[in-house]
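One chain, chain A, appears in both complexes that follow, with chain B as partner in the first and chain C in the second.
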Partner chain A sequence: MTARRLLTPANAALAVLVVLLLALPAINSGFFVTFVLTQALIYGLIAVTIVFLTSHGGMISLAQLLFAGIAGFMFGNAALESGARGLNLGWPPWVAVLFALAVTTAVAFLLGALASRTTGIYFLMLTLVYGVIGYTFFAQVVTVSGPGGVTSIVAPEPFTDRVNLYYAAVVLSALAYLAFRAIGRTNFGLALQGVRDDPVRMSSLGFNVPLHRTLAFTLGGFVAGVAGLLNVWWRGQIDPASISIGPTLIVLIIAVIGGISYFEGAWLGALVYVLLDTYTDSIPLIDRIGLTPDRFNTVIGLMVLLIMVLSPEGLVGILERVRRGRGGASPSEHSIELPTTSPTPVQTGSGREP
Partner chain B sequence: MRPDTTTGATSGDPVVELRSVVVAFGGLLALGGVDLDVAQGERLAILGPNGAGKTTLFNVVAGDLVPTEGSVVLKGVDCTHLPSRHRPRLGVGRTYQKARSFPGLAVGDNLYLAVVGRHGRQRALLPRSGDHSWRDRAAAAAESVWLYDRLDTRVADLSHGQKRQLEIGMAIVTEPDVLLLDEPASGLSRGERERLTGLLDELAADSTLLLIEHDMDVAFKVARRIVVMSDGKIVASGTPEEIQANALVHEIYLGSEALT
Partner chain C sequence: MNRRLRKRRLVPAALLSVIALLSSGCSEGGGDGTGDGGSGVDPATEGGPVKLGILGECEGPFGGFHEDTVAGVALAMANFAGATVSSKTTALDGWTGAEVNGTPIELVGIGCGDDTPDTIRDEISQLVEQEGANVIIGPLSGDEGIAVAEYAKAHPEITVLSGIAGSQEPTLQVQAPNYFRFHGDGAMWNAGMGDILHNKEGWDTVAVIADDYSFGHTSAAGFIADFCGVGGEVTHRVFPPLGTTDYSSYIAQLPDPDEVDGYFWVVGGTGTQAALEAFVNAKGDLTGDQHAGNLFFNPGLASALGTDIAGAYVGGFAVLPGDIKTPEIEEYLASADETWDTLKTGLTGGEPGPPSTAAGFGFMYGYYSAGVALIRGLEATGGDPSPEPLQEALANLTLDLPYGEISLDENRSGIVDVGLSQLVEEDGKIVQKAVAIVPKVDQSFGGTFSTDTPPPSRDFPPCETADLPWVGNEIPVENGVPQE
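Moving on to the complex of A and B:
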């Protein structure tokens, strides 16, 4: 790839954004950066795996928070020397990191292989079942967690420092974003999109469809595991409730409000969610209209509804339309080169499975 | 190896051998015991009314369907239970009656995937210098199905006819030894049909072609042997001239339609 090809407006914007985010703590290293932004970046890093699996593989996974959780639990069990619960293996923190990621990736591979012959609603249900089983496992197996979870978890140096942890979240998010975008152009990524569009055709072209699905799922699990490590370092503890159905759905909602077919949407959706979650109660007189903190889900639900009505492609979809509407004096290639052979394209010929 | 036009037989080795192939969908016999030998280099057209089992026959050869009974031998290898994904490497390439390309990908990527499917590196995450030649082949195939100026167009934005052209392109780009075309001319204009006939005439002499086609112009121009199917069985087989003269064929398939 030449430097010229790398210098697209999108990449330039990303570079500027990353530099700004990295420079931000110099101005303000308080609550907004180390709480709001770090949390949004971590949620975004989990949600982007949902976006990847959905947009490139046609697999809507409800197991991504589980993989984040597995990494967190494994790290806690391996790194702690003594604690109220868990195995307290007391391994060096970076060994614990490798162990956590290895276990997460292996579990993702196995669960992915098991789900690789299902699609659509069946895949969704199966991953939901994974999530429920994972939750139950950690809630009931007291040797590794139990309902109270694993507490007093300390991040490896230098990430005990909140600003450094924020830096890590920025850098890893940028890397994941670039990697997922690049994968779409590789043989593997193209094949995965082929599997999404028509698995039968992919088989008859010579591709191993279940293996492609399994590997994509494994990759998604690995990245979610990385996010899970950041999460457990940031919170200092992890309990089964944090990977129960409620939070699982929140991660899905984040991916959807951001825009399920845009990688950047994952972080945008996460930011909107965390801002709402954090600041709704400081809106003046909010409790007067009956919105006590336990009803914030209603606000979030209404936001989701509003965004979905405005744009099924989420927030990034809205931004795209605004951008095209304003600067879009030059019509896109496609609108010039309309199909000429038949005036009304026949939809049944698209070959897309229901 | 040119087919012997007088008898319909060919001198090449058999590349497709179907032995008493039965395909049952519940109680329905889509194929009711089909025997068929196709020799290397042969140009075979399969005719038959709707529901005769033509597509089912292709599905069995391409591996999309495992026959209920009987055996499928390709190039001397028993493939009866071999999954479809192993067949491109045996040189089998097919099109589908309803275009089945990848709507979310560009025309060039569709063709490129077909090449990758046949030649490997399917899970590669890093590009390799050889990928360029595969891209070149995809571009060349796009040119031969008149889609060169659409290489970067998403398939979803193609017209119906262009999707049909791409369907053919995805089959020929792998340079298959055994090419199965399921009604390639449907949805094409008259001019495009003529170009299609020309394209099929240019196929390498040793590649084998099985063609399902309702368009007699295309079928009789391209094929040296015609097989007629009805109700899951082969009811007639012979040269285009023999088939045109066959009374049974007229009765079951052509009805009042005259063969031209």
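Moving on to the complex of A and C:
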């Protein structure tokens, strides 16, 4: 790819955004950076794997938080020397990182292979089952966790400094965004989108459909595992409730809020979610209209409903429509970029049955 | 796809994100700009106010007790710091005018937990790092207590007083030097039960069924240590997950009534009644001579399960059984009714009811105790809320509270009196009557638990005899009057 091709408005905007985010701690390294933005970036990094699997593979996965959790549990078990629960292997932290990612990726490959012959609602339900099994496994198997989880987890240097952890979240998010975009243009990515649109035809052409789905699922699991490491370093602990059905649905809702067809929507949805979660009860007199903290889920539910009514493609979809309304680019049905060689428009995220 | 659209798509998202982060980033409080990996807070300096955050629980199994927790702190402020509550019908509006030695105590926020460590960690982060709280009172529940103690350990600039979190770990294992617990833990609240059931009621064998989380483990551990300590044998330990709705598979793991002398129940929240009903369906009626439980075993169960439950023994809690009346207790309960007209508490089912109803239960009382401790600690420092003097003062406090004196052990956990009770039938109704007070119970159980032992779990402690300091020293209670 030439430098000229790289210098697109989108890439320039991404570069400006990343620079701004990296420069932000110099202005304010307090709560907004180390809590709100870090949490949003981690959520976004998990949610973008849902976007990738949905938009490129036609697979809506509810197992992505499980992979984040597996990475967190594995890191905690491997890195801690002593503690109330877990294996307490006491390995060097970066060895523990490799171990956690290896286990997570291997589990994602196995679970992906099992699920690779299903699509649509069946795939969704199967990944939900994965999530429930994972929750139950970590809640019941006290050797690696038990109901109390693994606590006192310390991030490896230099990420004990929460600003450095924020930097890591920014850089990894940018890398994941670029990587997922780039994958869409590779042979694998093109084949995966072909599998998404017409698996029977792709199979007839000699493509190994289950293998493509499995590898995509594995990649999603790996990236979610990276996010899981950031998450467990940030929180310092992980327990089965961290990967229960509630948080699992939150990650899906984040992807939907942002726009499940847009990679950038994952982080936008995460930012909106975390901002609402953090600041809703700070709005003056909001409790007078019944929106007390215990009704936060109602706020999120209304938000999702509103977005779905206004734009099924989420907040980024709304922004696109606003921009088009101002006389911008011509309307398009497509949300995920396709190769320039693509001869015909393709509706994303359909996940048609073979 | 239209490449032009693709190129431009990121721009609006980027702009929106930048605007959001800049606007919010500039408006937050408490940032110090150090980026030191800690809180980014500006904790109270000498002479500054106490910025108090309360960690309640407005969702989850104990979400109905949110009002109770805040009311406990507010009542302490009203009784001892000259505060005026902002509403006569809810504690959640806070108070005004709280002051100790010229140092104001400002309520900066109320955290809303849901019984999970992740949520409570987010809530305390928000209170400390966004709202600038330098003192925290809470949380309510066991797993939350561990998460908050871990957070406190990493943030020595704050001072945390536990609300009523009854897991053992926060003080004995985590050992955050700035985490103080002016109440007992779940194990301590069952101290003396083994002595009564084995030596008085003749139980030699018992099956234990307990919630599978830190408080359930701790509460069961206290009973097991006590029962085995005096020579009893625990034959079965069954741990259903917290929040289970169908207990039939767990009841099936229990022995039949003719195989064991008794059952000890540590199933709380919405699970208590469901578990007992599952037992009735699978193994027959509940009888008071073969069943006992921790604090969750209450007279209300009789309405659904029948009066055969009369005779069952019940473990203690932060307060003494309701039939024990002293002038101090009466004065404390009356002060709650004077402070508010009504409160919508967990004890009144979320409906407006007498505040003293909630005040007489351990949730509100635990937070009240923490509030009083904060005030007494500030009095000892001359109003200085700085971490070092305040924490030193708290560690050396002995509180003279309505339900008994509380001092702290070397791990900053309360040494408390525990009131044991029994369900008895009076005029066709089941009521709870105190049977004994176990004085000066501490966390160690005579050495069974220490900083070197693992935290209570499904298989810890083992069933072993031990010398328990309170065996034979329980103070009997007759007709609500301690006999010593």
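The rule is simple: the second predicted complex is superposed on the first by the 327 of 354 C-alpha atoms of A that agree within 3 Å, B and C clash if a C-alpha of one lies under 4 Å from a C-alpha of the other, contacts with A are read in each partner's own complex, and residues count from 1 in each chain.
Throughout what follows, contacts are C-beta pairs under 8 Å (C-beta built on N, C-alpha and C of every residue); 3 or more make two chains touch, one makes a residue touch a chain.
This is a predicted model, so every value here is computed, not measured.
Asker: By residue count, is chain A touched more by chain B or by chain C?
Answerer: Comparing touch counts on chain A for chain B and chain C gives C.
Asker: Is A:186 in contact with chain B, with chain C, with both, or with neither (first, second, both, neither)?
Answerer: The first partner, chain B, only.
Asker: A:194 in the overlay: touching chain B, chain C, both, or neither? Say first, second, both or neither.
Answerer: After superposing on A, A:194 lies in contact with chain B but is clear of chain C.
Asker: Is A:212 contacted by the first partner chain B, the second partner chain C, both or neither?
Answerer: First partner only.
Asker: Just chain B (first), just chain C (second), both, or neither: which does A:203 touch?
Answerer: After superposition on chain A, A:203 lies in contact with chain B alone.
Asker: Show which residues of chain A both chain B and chain C reach, each in its own complex.
Answerer: 334, 337, 340, 342, 345
Asker: What residues of chain B sit close enough to touch chain A in their complex?
Answerer: Touching chain A from chain B are residues 62-64, 83-89, 94, 96, 98-105, 109-110, 112-114, 116-118, 121-127, 131, 149-150, 152-164, 170, 174, 187, 189, 192.
Asker: Quick one: in the complex, what on chain A touches chain B?
Answerer: 183, 186-188, 190-191, 193-194, 196-198, 200-209, 211-212, 215, 333-334, 337, 339-342, 345-346, 348-352
Asker: Given the complex with chain C, which residues does chain A contribute to the contact?
Answerer: That would be residues 8-10, 13-14, 16-17, 20-21, 24-25, 27-37, 39, 84-85, 139, 142, 146-149, 151-152, 160-164, 235-237, 239, 241-242, 247, 262, 264-265, 267-268, 271, 275, 277-279, 281, 292-294, 296, 315-316, 319-320, 322-323, 328-330, 332, 334, 336-338, 340, 342, 345 of chain A.
Asker: Any idea which chain C residues touch chain A in the complex?
Answerer: 1-14, 16-18, 20-21, 24-26, 28, 30-38, 40-41, 58-59, 63, 66, 110, 112, 116-118, 121-122, 125-126, 129-130, 143, 146-147, 150-151, 154, 169, 173-174, 212-214, 217, 241-242, 454-455, 457-458
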